[in-house]
Amino acid sequence: MEKIKAGILGATGAVGQRFVEALANHPWFELTSLAASERSAGKKYKKAADWRLDTPLPESVAELEVVPVAPSKVEADVVFSALPTDLAKEVEPAFAKAGFAVASNASAYRMEKDVPLVIPEVNPEHLNLIEIQQERRGWDGYIITNPNCSTIVMATTLKPLMNFGLETVQVATMQAISGAGFRGVSGMEIYDNVIPFIGGEEPKMETEPLKLLGKFEGAEITPANIKVSASCNRVPVIDGHTEAIWATMREAPTPEEVKKAFLNFDPKLGNLPSEPEKVLVVREEENRPQPRLDRNVGKGMSISIGRIREGIRYTAMGHNTIRGAAGASVLNAELLHSKGKL
Amino acid sequence: MEKIKAGILGATGAVGQRFVEALANHPWFELTSLAASERSAGKKYKKAADWRLDTPLPESVAELEVVPVAPSKVEADVVFSALPTDLAKEVEPAFAKAGFAVASNASAYRMEKDVPLVIPEVNPEHLNLIEIQQERRGWDGYIITNPNCSTIVMATTLKPLMNFGLETVQVATMQAISGAGFRGVSGMEIYDNVIPFIGGEEPKMETEPLKLLGKFEGAEITPANIKVSASCNRVPVIDGHTEAIWATMREAPTPEEVKKAFLNFDPKLGNLPSEPEKVLVVREEENRPQPRLDRNVGKGMSISIGRIREGIRYTAMGHNTIRGAAGASVLNAELLHSKGKL
Amino acid sequence: MEKIKAGILGATGAVGQRFVEALANHPWFELTSLAASERSAGKKYKKAADWRLDTPLPESVAELEVVPVAPSKVEADVVFSALPTDLAKEVEPAFAKAGFAVASNASAYRMEKDVPLVIPEVNPEHLNLIEIQQERRGWDGYIITNPNCSTIVMATTLKPLMNFGLETVQVATMQAISGAGFRGVSGMEIYDNVIPFIGGEEPKMETEPLKLLGKFEGAEITPANIKVSASCNRVPVIDGHTEAIWATMREAPTPEEVKKAFLNFDPKLGNLPSEPEKVLVVREEENRPQPRLDRNVGKGMSISIGRIREGIRYTAMGHNTIRGAAGASVLNAELLHSKGKL
Amino acid sequence: MEKIKAGILGATGAVGQRFVEALANHPWFELTSLAASERSAGKKYKKAADWRLDTPLPESVAELEVVPVAPSKVEADVVFSALPTDLAKEVEPAFAKAGFAVASNASAYRMEKDVPLVIPEVNPEHLNLIEIQQERRGWDGYIITNPNCSTIVMATTLKPLMNFGLETVQVATMQAISGAGFRGVSGMEIYDNVIPFIGGEEPKMETEPLKLLGKFEGAEITPANIKVSASCNRVPVIDGHTEAIWATMREAPTPEEVKKAFLNFDPKLGNLPSEPEKVLVVREEENRPQPRLDRNVGKGMSISIGRIREGIRYTAMGHNTIRGAAGASVLNAELLHSKGKL
């Protein structure tokens, strides 16, 4: 089988490097273009990127020359975007117009009516927006997006609760520093400390789930009728967002019923390469999940749940730069391909 | 003025050392007895205690000989108890019976009907239980207690909300490791990690506030009619518990009204030595309070509040081993003394 | 090929779990016995061990029943010992006498004259002591040992310097907390801190290299004529010991010559399963090696070197519980097997 | 007594804030001018500075308006400089020329022949260079400097060793992140990590002590005839540099003799306000000094020493932004004033 050519927009940053890691030895995709800022363009990737992952930089990628973030410079069928919001806003439509499939981790277009905001295990049918988007905008390509990292961890656990008549959600997050990029949080700020604020995070957690859990009807998404209230905190953890969640449901299920719903949640995606064996892993121990011990479960693509109790209250945890970012976009693209849309 | 003789039960641990720090140069109290386990008894305090605070061990205390935890060995008018629960259960009544005033940070007797559970700024009138306790139990002395560290931080902020008809509270804590004592949490457990469970903590946070915010009527406390739901987490912070709180109130005040209630909260204790200038400090910045920056406000006796917003949601933070433990007991004893009860 | 039966003594602790990780899917060894303290014996391993690695507990191991640390209870050809020193002192000879090959990470017998202390890349010929040991002690089995974790990192880098006439070594270590076991260092001790002392560590670093770099002549080891002076420090790092090393050599090589010696160091072990592609990895960047980024190089079996400069000074770093402990013992056993001695 | 007017150049950064803390309630100095970059100038200090210390921002300072870093805008007799090197290079001479006494923590002029590089307890007589500097340069004011933070900790301990004929020094540092300023080291870089390189640090540690320990003879400093070799490392500690030191001396003193020399080291400065009771504090415990426990000894102005042993080896630790920076400059100015030179 010939591989699909894949590019990365914003290839040198924290999420960009996770894209490289995910795509370097991918069975379906071949990494053909690494695009980054003018400062990096023209350099070999190993020089342009200060590789910060604890897995070695793949040799096949190290020697690739970084190109500018421009459709004419990138050779690929699909591009994965780890661009900052403002740049994504400008650049992603240019790529879509030029015929690229854009699988974006950026927030710029997530809430646009005709742009799919997708977690494969939650709302794969929203991909149907692609045709509407292409028609409406006259694009050969298109943009699909995945949610914010902290939204993904929470919303995936909310999906099986929809059957109980989910009404309200309250969530307090304890988020890892990698979510802010390599230089986003200084050591002096976060060491021996908690920062009870993350710019823009709470609005995302309070709006994205409504679209994600909404219904594709006619040619649009009817948002779910739920209310989310979020308090977002940064804690001294490298990777892995931990979330304390309260959920009220019309049918008032018992903790045992909720646990069963999590255990039985088994979306069939068709053996996508990045799909974990279990997307929701339920832990029985009273002191799990923990980010340092559980973030790599399912190669970072599983979400661990524990402490399900009256309230309903529980704790969810997932790897923010894999499940919550690069891995999410790659899984979206795999889903597209499996449906023949790539 | 002659000083009141004070002893410490459990003087060598994390809270015991905070008691030493608080009492070594106290204007009203004179540290006369340091009691600890058999292993420590007979040694000089500087040898018995592995002094772990970043303020120097007071010289006047360093040379004191540690005595066993027994009424006959302790010379004092008031004893401050930092004993573990099971030991406190056994020993504190013996001290009360022997005529000591026992100001306890232990949880053993907090919820007993005739034992005051007091935060001076919240429910000083509950001290009236002392006489009932003495009569009922036939004790010359008595036991008074302060709440659990995470309860103190939360309940003090709830007091001014009672006027709005407080109904429900949800709280997710991010608690410091000093709360578990010097060796309670290993480095391998907590570094680069969050532990979403603290044994016994959630039940305390869910029951103690009802008594604290209850009314002293007739000869007993009628618990407040509120419901608290807690999720307690340990984070890699040395000192300072941070709490994300949701509170619903019958009168549904605006964030601005809630803020005013916090600002106007000004319990008059009468210039007690450990009383902070302001017990509730409201921060305007969007990213405060933070434990590393705000835990020492008011010499560790103020509680900092920030991010008051629709919900009502806000973040509270206080020093867990000062405001939440040793300082709480000392302030209780100061209040007793100011009322002529010591 | 039939696999060699392998047991682990002290299977539940920090090093024991690394042994499990290393042996669970080993091409030559089959994990047949997990031995631990009386408290654990009789339980399934998944219950007995609080699994703390970020790789999942291998399923094949989870259900094994833990046995007591006694030769009659362990079924294996080779046993890997992660026992504490005092217990190792007592138990390891019993296993050797009973015919087991004992590959020990414990320090109890490292400096015994007839016990090989081996790093395969440094002094494989010292394994010849085995026959002398068996003859002298009348054992059917035998004990072989690997050095202390911080010694391994340093001594492996010293081996290629012997050709320059190594004379003196000074080393300041910055050691990870996993080296003290799961509960060895409390969070309150190490967070935001450096502890400039590790019990017993400096004597080991100052004596073990002399034996390691010594010559097997006649029937014994003549220690190398070098002098090592060590200052050992604990720092807030999970895994990976970093060492600042000064080495003086009779021939006074230039940094460039030293670098070449490191680059050319290529001991041929014969493709042992745990052998890294390169045992010494030289980094060119001015700010490497770093434990978080480099500890997993060569699956944790490579030692990274950087900052080679006048002095001669350089920095070495290796994974303390893999290269410095469990992996070291396993590599020793692989070497034995490849030489037909197992 | 009328107070001396003091200004701070670079008042908003990590060292600038320590200057504010040191000067806000100083018995001799009155803080009259806070100068910072154009971005800050014109704002009130509480707005311009993101106050990051755990002591509260002094109210008297909060309302001061920040002025530009220009002699014409600053009203003061003495200015304390926390400027970055390149800016200091340009600006400090302008202030000296304009008649200000400049007490600088910047490295720009430390090694100039006619600029005193002074630790009051080590080489107060070097202040005699001031007259030579003024004469040579035709300045009404002058520049005096203090050494780099890691040099101060080490060099102060070397002073009493000079009497034994100090010859060589090797030092491995474990330096706190505050030394790089508030945003100098990112959380992703330093958490769970050691960085074995600090730009420019080793050359400073290897040259500054020679001047500091040199003799003022005729009209210049004859450098001490010693050789220093440094390996500088960054570790995850907020404040406090720890240093493992080896020192060889012609007279080869015993550890006990070295300890006595430290204990007897008692430079008389004449009760300067910032002078600690003891500049060198010798610890007897085998695991001290530790930054978290000992950095605040002597209000951050003492240097703690421990583990003196054969070699001669020992560990020294001091607060890098107090003793090693702001406090050092302030103590220098106090010394100047006590000698009537301000």
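Chains: A, B, C and D, in written order; residue numbering restarts at 1 for each.
Methods note: contacts are C-beta pairs under 8 Å (C-beta built on N, C-alpha and C of every residue); 3 or more make two chains touch, one makes a residue touch a chain.
Predicted model only: the values in this text are computed from it and were never measured.
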B-D or A-D, whichever has more C-beta pairs in contact: A-D
Option reproducing the contacts of B-C, where over half of them reappear, out of A-B, A-D or A-C: A-D
Centre-to-centre distance between subunit D and subunit C (centres being mean Cα positions), rounded to whole Å: 42
Chain centre separation (subunit B, subunit D; CA means) in Å: 40
Inter-chain centre distance, subunit A versus subunit D - centres from mean C-alpha coordinates, in Å: 47
Interface hub residues of subunit D, defined as touching at least two other chains: 52, 191-192, 236, 238, 292-293
In the complex, subunit D residues that touch subunit C: 170, 172, 174, 191-197, 229, 231, 233, 235-238, 242, 244, 246, 286-293, 306-307, 311, 313, 315, 317
Of all residues in subunit B, those that touch subunit D in their complex: 52-56, 191-192, 238, 292-293, 295-297
Of all residues in subunit C, those that touch subunit B in their complex: 14, 52, 177-178, 181-192, 236, 238
